[in-house]
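The following pair of complexes shares a single chain, subunit A, combined with subunit B in the former and subunit C in the latter.
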Partner chain A sequence: MTDTDGTLFAQVRDPENRADPYPLYTRLRAQPVARQDDGTWVASGYAAIRALLHDPRVSSEDLPPAEHPATGNPIKDFFVNPIKDWITDRHRPFIFRDPPDHGLLRRQVMGQFTVARVRGMKRRTEALVDECLRARAGATRFDLVDDLAYPLPVTVICEMLGVPREDEARFHAWATQLATALEPESRNDEDLRARNTETFDAIAAYMRDLIREKRRAPADDMLSGLATTKDAQAGRMSDPDLVATAILLLIAGHETTVNLITNGMLTLLRHPDELARLRADPERAPRVIEELLRYEPPVHFRTRLTRAPIPVGDVTIPEGVPLVLLFAAGNRDPARFPDPDRFDPDREDNQHFGFGGALHYCVGAPLARIEAEAALTALVARLREPRLVEDPPPYRAGASLRGPERLLLDIRGIA
Partner chain B sequence: MRVVVDLNRCQAYAQCCYAAPERFVLQGDEILAYDPAPPAAERAAIDRAVQACPVRAIRVEHDETAERAA
Partner chain C sequence: MRDGTIVVAGASLAGLRGAEALRRGGFSGRLILVGDEPHLPYDRPPLSKHVLTGEVAAGATTLPGVGALDAEWRLGTPAAGLDRAGRSLLLADGTRLPFDRLLIATGARARPWPQADEARLAGVHTLRGRDDAAALAAGLAARPGRVLILGAGFIGGEVASSIRALGLPVTVVDPEPAPLARALGSVLGGFMAGRMEASGVDLRPGTRVARLEGDEAGRVRRAHLAEGGTIEADLVVVALGAVRNTGWLAGSGLSADEGGLSCDGACRALDEAGRPDDAIFAAGDVARFPHPLYGGRPVALEHWGNAVAQGAHAARAMLDGPDAAGAYAELPAFWSSQFGLNIKSLGLLEGADAMAIVQGDPGTGRFLAVYGHEGRTIAAVSINAGRWLPAYEAPIREGAPFPPITGGADQPAPAPFPPGLPSMQAA
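This part shows the complex of A and B:
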């Protein structure tokens, strides 16, 4: 029977349901593409999400102009308007752009996100994990978020971009602040919005200086490459695009990987047999990580805007409406994945939406895999008898970028 | 070890190129070149490529006899 409750997605966003949104996803999937009472459409079935991801009538340019009045639409008012203040009037990063601009900007980023540069971070990442664990040697209580999952990605992305080490702490604070713009609470919180605008201005000013410095004395890093390379078609990236791109990479490289690592360890601790298997055979890591990306993805949904009426199955999504692609629900669709609520790294044909898909497939996916593998294999090998202190742990506010705020473990030391 | 990529399925996500750069290379924006017979010693890297492929286009056949002989 079709579930006609048009508030299911509002319930997904309710912090009360953060620890376990999956029963709501099951109810949503009864209607793979469903209109919510607030006018938002939600795609939660695997086949529908996949079709919409590849549909050129589905736009990523879902940020309204800044002068746009409150719409009464929670997606726009809760998620979109708060970030427009610091993005729309400036320059949109390519995650919020469509072809052809998207392709030009993305290609320039990919030109710097080279295989050699990403692979070069592998050993460095392993050394950073080792540093984090050594710093807590002898501890009997470990907070996975503060002690490893948060500091690791910020250092990695700063080194990739070419942000001087001494400025990392500022970046950490900026990224944490800007991520709050995605939270519903920021809607009516004028102080928070003012702080986000201030933060954007601070980070943009910093980036402009850093870019000038990179042009003067280019180094082997992504910012130097972006600032000095001339694309055959697009020419040299403009300064506003460069600033927007750098900020996007910083936040995306930071706020998501922390969830992959933390959700990963949480899932392994809830499946001790799988934790033991990974400890005994670190080569299982790639399978474990792909299954984590299906089972507990770092990003649960992304929003789009329809540019035309789109028929999907037996419904037609109207033109001009906000459309939520609920990746985490598609990942648990029993029509696509047998026994979807089972965490099973041996699953074959695991074509999950953990990194999205199509044109906007996560640029940082290879780096995220390297970081998750380095972190999880070291954690299972070196934490002695880890036990969850709280299950479920407290979660951060985000329903899309969903992950624990802290993950306290009792341990008998670190090897 | 024999590697087969279903090139009809491949959408040039390039994840294999990061996982096993010696064996998978994207030429231009969308043509994948790969080594159909990589050395057995690279099994872990090839497995990473198989797992990382978003459309699961890579298949590996292990020839146990040949690998023992090698």
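This part shows the complex of A and C:
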């Protein structure tokens, strides 16, 4: 029977359902593409998401309609604010851009995410994990979020970008604040918007100075590369695009990885057999991580905009409506994954949406995999008899970037 | 069927993937793979690319999974005949291999230069197998003064690209008006021609080679053109397509010729009267099957993905019967990398009467073209835009109106035009 409840997606966003949104996803999938009462369309079936991800009529630009001068999302609105004289909507970060501009910007960023640079971060990441664990030596209680999952990705992305170590603390604060802007709810919260705008101005000003410094004295880091490399087609990246890109990389490289590590450890603790197997055989880590990306992905959905009417199966999504691609629901679609609610790292053919897909497929995926592998293999090897203190743990506000606010573990020490 | 003996004739991609699917499907009997080359199954796509540029050794192309397969290998012993009544495969060394089921995956070989004595000249190469690639790579490593490539199809183009990457002078001749014209039409062919010439290829479209000339030592020196004139070259690559390895089936009563071994949708081989043989199956380049997406027209696909999917499909039909497997309907798909371009294709372009650039712009070197036939979408080709291609899979499968998608973010109203396929020029 078709579930005609047009509030299902509103229920997904309700913090009450943060710990376990999956039953709602199952109900949503009964209609793989469904209109919600608020006019949003939600794609929750695997095949529909895959088709829409690749469909050129689906736009990532999500420009505010003329009658609403702002989307309510400061990260986006900053670029459409006419008062900011040197940044316009032409300089949004490439996650919010369509072809052909998207491709030009993305290519320049990909050019900096070199294999050598990402590989080089592997050892560094392992050392950072080791530092985090040593700092808590002797502890019997461990908060995975504060003690490891949160500090690790910020340090990694700051080092990749080339942010001086002494400025990292400020980045932690900025990244935390700005991540709230990616949630639909933030649009209606005046206080939050004001704080986000303030944060955005601060980080943009900081980035402008840092870029100037990188131009003056380039180092072997991504920001220096972006600031000094000239693309054959696009030329040199403009300052507004550079600022936008740097901020995007900071947030995307940070908030998502926290969740991958935390959700990962939570899932392993809920599946002790799998935790024991990973401990005994660290080479299972890539399989475990791919399955985590399917089973408990760090990003549950992304919102797009339709540029034309799009037929999908037996419905047609109208032009000009917000379209939610509910990746986490597609990842549990029984039509695509046998026994989808089972956590099974031995699963073959695991083409999940854990990193999205198509043109906007996560640029930082290789880095995320390295960080998750370093963190999870060290955690299962070195935390002695870890036990969850709270299950479910308390969650952060986000329904899209979904993850625990803290993950308290009782342990018998750290090896 | 889960036990007994299954023989796989052909130890390349389709045979290997078929054999793996048999084991995965629960086949616990005796599994024998027969190969004409002495090598374990290897991957062919690198042979025209990284192997020629020296980045990958020809011997380093063995396919993953080979070691894990529980099977007996008969390598270096080609299949030489088929005794259908006696349910036995005959090998060139005289061995007789009885089977309960046979999977024929003998593939294809490079079409040789028609004049055999000229083809034997030192420095004249074809490219199909690992040994061919090793020989060609060695020839290139000797830094020939000029390389001549006969044929501007996919292999010719990829080889030319690798040779330019090595910094060697290369001439490509082809009777068609543009490279890849037979496969992609002269519109995309024209785009490719620009790329090839910009990369320093001496491209001679609309040109035929009448004969190759060697020196006293039996080494190729020059090619004489049908239109008159010569091209000096001390290395020649013959890239004139492939012929199916079906000669060994002569006298077996199966319907086979240079164009392939006919089979039905369940991959069962057909006899000369068109009746399926329940014990003999075919997959990969050698299999000519009726494609349901193209009106049941028999097609034989030389595609990597087809070898994988059809091998698995044949395995399913062998284990669970033709009804359980259903009709093989994999959407044809292939890719090629040359001159810094990643070319990907979905569907079959044959018979297309219109095309449209629906995304991107050839001026930027990044675009996607769809092809139509009588108002329906039949195929799509992406150039450096592979991530755009999956959107067109469903419209091609469904035969959606052409062009299938309009209102895209960067190309709202595409204008159709003729693709310039050879079939159209003949008509």
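Some notes on this structure:
The rule is short, and it goes like this: the second predicted complex is superposed on the first by the 382 of 415 C-alpha atoms of A that agree within 3 Å, B and C clash if a C-alpha of one lies under 4 Å from a C-alpha of the other, contacts with A are read in each partner's own complex, and residues count from 1 in each chain.
Everything that follows uses one rule, which is that contacts are C-beta pairs under 8 Å (C-beta built on N, C-alpha and C of every residue); 3 or more make two chains touch, one makes a residue touch a chain.
Since we're looking at a predicted model, the values are computed, not measured.
Upon superposition of the two complexes on subunit A, a steric clash is found between subunit B and subunit C.
In the superposition on chain A, contact is made by A:119 with subunit B only, not with subunit C.
After overlaying the two complexes on the shared chain, residue contacts for A:30 are found with neither subunit B nor subunit C.
Shared-chain residue A:361: touches subunit B and subunit C both.
By the touch criterion stated above, A:283 is placed in contact with subunit B alone, subunit C being left untouched.
Judged by the touch definition given at the top, the superposed model places A:349 against subunit B, while subunit C stays out of reach.
The superposed model places subunit B right into subunit C at 61-69; the other stretches listed in 61-69, 115-123 or 223-231 stay free of clashes. In the superposition on chain A, the residues of subunit A contacted by subunit B and by subunit C overlap at 361.
Taken together, the subunit A residues at the contact with subunit C in this complex read 50-51, 54-57, 59, 61, 98-100, 103, 233, 307-309, 319, 358-359, 361.
Touching subunit A in their complex are the following residues of subunit C: 358-361, 364, 366, 387-391, 394, 405-412. Of all the residues in subunit B, the ones that touch subunit A in their complex are 13, 15, 17-19, 21, 29, 44, 47-48, 51-52, 54-56.
Contact residues of subunit A toward subunit B in the complex are 107, 115-116, 118-119, 283, 286-287, 289-290, 349-351, 355, 357, 361, 365-366, 369.
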